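Below are two complexes that have chain A in common, paired first with chain B and then with chain C.
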Partner chain A sequence: MATDMIKIAGVSKVYDTTQRGRHVALGDISIDIAEGQFVSILGPSGCGKSTLLYILGGFVEATTGQVLVNGQKVTGPGPDRGPVFQEFALFPWKTVLGNVMYGPLQQGLSKEAATARARELLVLVHLQNYEGFYPKELSGGMKQRVALARTLAYGPKILLMDEPFGALDAYTRTRLQNELLDIWGRDRKTVMFVTHSVEEAVFLSDRVFVMTKSPGHIRKVFDIDLPRPRVRAELLLDRRYQDYVIAIERLMDEQIEEIA
Partner chain B sequence: MARLNAIPGVPVLIACLAILLIWDLLSRVVMVSGLPPPWGALQEVPVILTDKESLVNILASLRRMSIGFSLAVAFAVPVGLLMGRSRLVAAFFNPLFMIIYPVPKAALMPIIMLWLGVGEMSKILVIFLGVSLPVIYHSYQGSKAVEEKMLWSAAAMGLGPMARLLRVVFPAALPEIMVGCRTGVVLALITMVTSEMIARQTGIGNIFFNALDMAQYDTVYAMIIVIGILGFLCDWGFEAVRRMLLGWAAPVHDIAVGSA
Partner chain C sequence: MSALHAVWRRNISETLAGALPIVLALGIWYVISAWNFAPASLLPSPVTVFRRFLVLLGDPQFLQNAGATLYRLFVGFGIAVMLGIGIGILAAGNRTVAALMQPVIRVLAPVPKIALYPALVLMFGFDHSSKIALVVADALFPILLATYQGAVAVDPKLVWSARAAGASQTRCLFTIVLTAALPSILTGARIGLIIACIVVFLAEMILSTDGLGQLLVRAARNFQTVDMFVPIIAISMLGLLLNAAFNMLSKRLLVGFPSQN
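So, the complex of A and B:
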């Protein structure tokens, strides 16, 4: 058993809003994630999945509890945790290459070294022919590939992905899922992946956390015991895959009935 | 028509001709000495532009205008950017600007002359005031609108607050800043002329209002044409710079000119 890379202990978040007073955005969350694990988080809209990810990234401060990464308390953002957002958040004034080089340059690499590093990553995400393009000239799927490359470029040990494929069409989405698994398989970073798609979570993950409705707690953890490397066409026919998907969907339907 | 439109400069020429024709018609209908036909004024334009003393005056005006404009931009952009990122700074400056905004800047000229005398400083200060507000306003809006996830992505790469302001907020807000600057150029021209109306010694306004006093209407209208051409050239030059700097951005909506 590998050591715990991420320890989330009793984390909750309360927003103080001027109009609606105190608003509990995230219940009491405690999770440990081992190094190299691919973990997904599922839960109803508004239950606090993004909030949890932002706290891990150090972008938002937890109200109670703490997050330890490699034994160190998280106090702010850092290059050990790389975010990938649904909104891409690329720098529009930089070209594709400029975006991907940004992190390496920031880490003090020379221009040549940063360019070389960025080019490697662009090959990895199949965008080597687009390095001179500006973000506005790219499709959604291409933008998310650039965003992923930009984050990978500064070598974070942990990837924090918030519905990264949520804005993409079904076909692009499955392609990017395959590419992500491919990339992940090379050096097995620790990944925390937020999604609304049960299939996506099961297909990608070692473990799937299902949260309750807002303010979210962890309701159930599923260990996804499916062999890797995973091939989509095979998995779809695999009984165990289907069972996971059905069990998780049932659990989430129950919750929706509880709300209604 | 469509083909004519495609040739650069043709629509402008047509518009100018139309104005001259309307002017000519009006002057025949109204028949007052204050509205001579355009042709005398047109002949006067080259005379003014080749007269050494007039040129000295015009250059003095342009010099004041560029100094006032540059100082205003150097002051307004940082203030606006900080206001957009810090609620404290915004809360401090907002009421201040609310009060100054509706005041016609040239109306402050007599008071400013009490402090700084009738020389260059007063006129530059009035231009500075006129240009600052739209540039602050647009920098503020641009800075406020910067996507939070973009700043988080930069923070994860290790950019501190100052670096984020300079290297993310500033370029991201640049399209909006340039809208403010473009309004500012026009306002600089307007405040420049009006300030010279109040404190006459040199400058375009000086020629203009002296001619008006002496009922030399051809010169008066020739000066209006010269000022119009200057405004057009400034705006055109500005657009060229904007296009060069902001090829990466989506095209900006056309602007409305604010009040002086």
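So, the complex of A and C:
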């Protein structure tokens, strides 16, 4: 296995709220992720899985512990880690092309080079015919494709995906999962994927970290030993896939009982 | 084509509906003066006033006074916009600036700025500067507050997306946050513009040697009631034109944003 791309060591996050006092969002999290791995963080809402992603992105500061990316301590956002959010977070005043060009322009590319780069990515996400559209004119699935293209455009080594398909309908969601695996298969970026869907996590990932609620910590790690490229229809009949899903579902049921 | 047609028709009917109360008010005014409820020497007919207004539009002296008012209005509003947006954005991006500004704003915002006008005249003199200063003082706060509120409410994920792409914090503030807050900023600016119209007129009425407000006061003192109403018509026409210009500008600036109305 390659060297660890991401080292999360003893990270916790405590929020000081005025109404409820100290709220421990994240317990003591330690995770190592190898380069090129597709890793999912799975957990119920409110378990702090998104917070963990934000800390890795450098958007939120950890209360304790540290995050190393390629041996470098994370102190803030950087183009080596590209986020994709559930809410898309596209710039509403920019066209599709303008959104995707943003990163390359920030990286110092000329306008022509940035346009060329953005067009390449729009082809990759099948939106080459929509470059003049504004985000509000697109469907949810298309918006998320633009968001993915915008992030890929500045060439991050790590993708941080925060329930990216959570707001989409089942059909679009499945299509985008396939497209994401397709894109990932080309250059094998390291991906940290936050979701609350067990099937999605098993289908996409090399490893699945199951988290528990308040304070959020890692309950169990599953190494998903399924061949790639993965085809959904085949996997559904695959005993190993079913076993992973059932095992994780059981684990999450236990948690619900413990809380109840 | 038919959809466009429907939009046009809706626009026209909305405009007509909006014009109705104004037409009604003018009608009442006309009836009151025509039926001599009030003597024409005190309340002239709207027809007389509008006719006089059209005549005065060709009078260089009237135009000079209107020009003085316009100049004060635009310079004052322009400075208020720049200061309001600048300070509002800085306060949203920097906690120290916010901490410094908040008490100042809380103390100054409720002060009736017109009360400062005599002091401003003593400081800046009788000319443009004192009126401009008053317009700035009054129009500044709605713009500043709207900018600050709008900037603070910007989705942090928009900023994170830009920061991850390589934009610095300062760059983000003046490109992403400022642009994302535009709908709110424009609402503040619209209120600021209305206030500016009112205040420049008031200042000229209180203490001035020229301007539309001064024309009104002078006419009133001389019992020239027709000339007294003309500046009011002029300022309300001006407000109408400015509002239309503002709407056009807003539409251009807010392209891509969810529609406002």
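Simple rule for what comes next: the second predicted complex is superposed on the first by the 260 of 260 C-alpha atoms of A that agree within 3 Å, B and C clash if a C-alpha of one lies under 4 Å from a C-alpha of the other, contacts with A are read in each partner's own complex, and residues count from 1 in each chain.
Definition applied: a contact is a pair of C-beta atoms (placed from the backbone, for glycine too) under 8 Å apart; a residue touches a chain by one contact, two chains touch by 3 or more.
Everything numeric here is computed off the predicted structure, so don't read it as measured data.
Asker: Aligned on chain A, chain B and chain C: do they clash or fit?
Answerer: Superposition result for chain B and chain C: clash.
Asker: Please work out whether A:Arg230 is in contact with chain B alone, chain C alone, both, or neither, and reply first, second, both or neither.
Answerer: A:Arg230 contacts neither chain B nor chain C.
Asker: Contacts for A:Lys213 in the overlay, against chain B (first) and chain C (second): which applies, first, second, both or neither?
Answerer: Neither partner.
Asker: Looking at the overlay, does A:Lys143 come into contact with chain B only (first), chain C only (second), both, or neither?
Answerer: So A:Lys143 meets neither chain B nor chain C here.
Asker: Which partner does A:Arg173 reach: the first (chain B), the second (chain C), both, or neither?
Answerer: A:Arg173 sits against neither chain B nor chain C.
Asker: Identify the partner contact of A:Arg117: answer first if only chain B is touched, second if only chain C is, both if each is, neither if none is.
Answerer: neither
Asker: Examine A:Gly78 and indicate which partner it touches, taking first as chain B and second as chain C; both and neither are also allowed.
Answerer: Once the two structures are laid over each other on A, A:Gly78 reaches both partners.
Asker: Going by the contact definition given at the top, which residues of chain A touch chain B in one complex and chain C in the other?
Answerer: In chain A, residues 54, 57-59, 76-79, 81-83, 85, 87, 89, 91-94, 102-103, 106-107, 134-136, 150-151, 154, 156 are touched by chain B and also by chain C.
Asker: Mind pulling up the chain B residues that touch chain A in the complex?
Answerer: So the residues of chain B touching chain A come out as 147, 149-150, 152-159, 168, 171-172, 174, 247-250.
Asker: Under the stated contact criterion, what part of chain C meets chain A in this complex?
Answerer: So the residues of chain C in touch with chain A come to 155-158, 160-167, 176, 179-180, 182, 254-258.
Asker: Can you list the chain A residues touching chain B in their complex?
Answerer: Residues of chain A touching chain B: 54, 57-59, 76-79, 81-83, 85, 87, 89-94, 102-103, 106-107, 134-136, 150-151, 154, 156.
Asker: Which part of chain A faces chain C closely enough to touch in the complex?
Answerer: For chain A paired with chain C, touching residues are 54, 57-59, 76-79, 81-83, 85, 87, 89, 91-95, 102-103, 106-107, 134-136, 147, 150-151, 154, 156.
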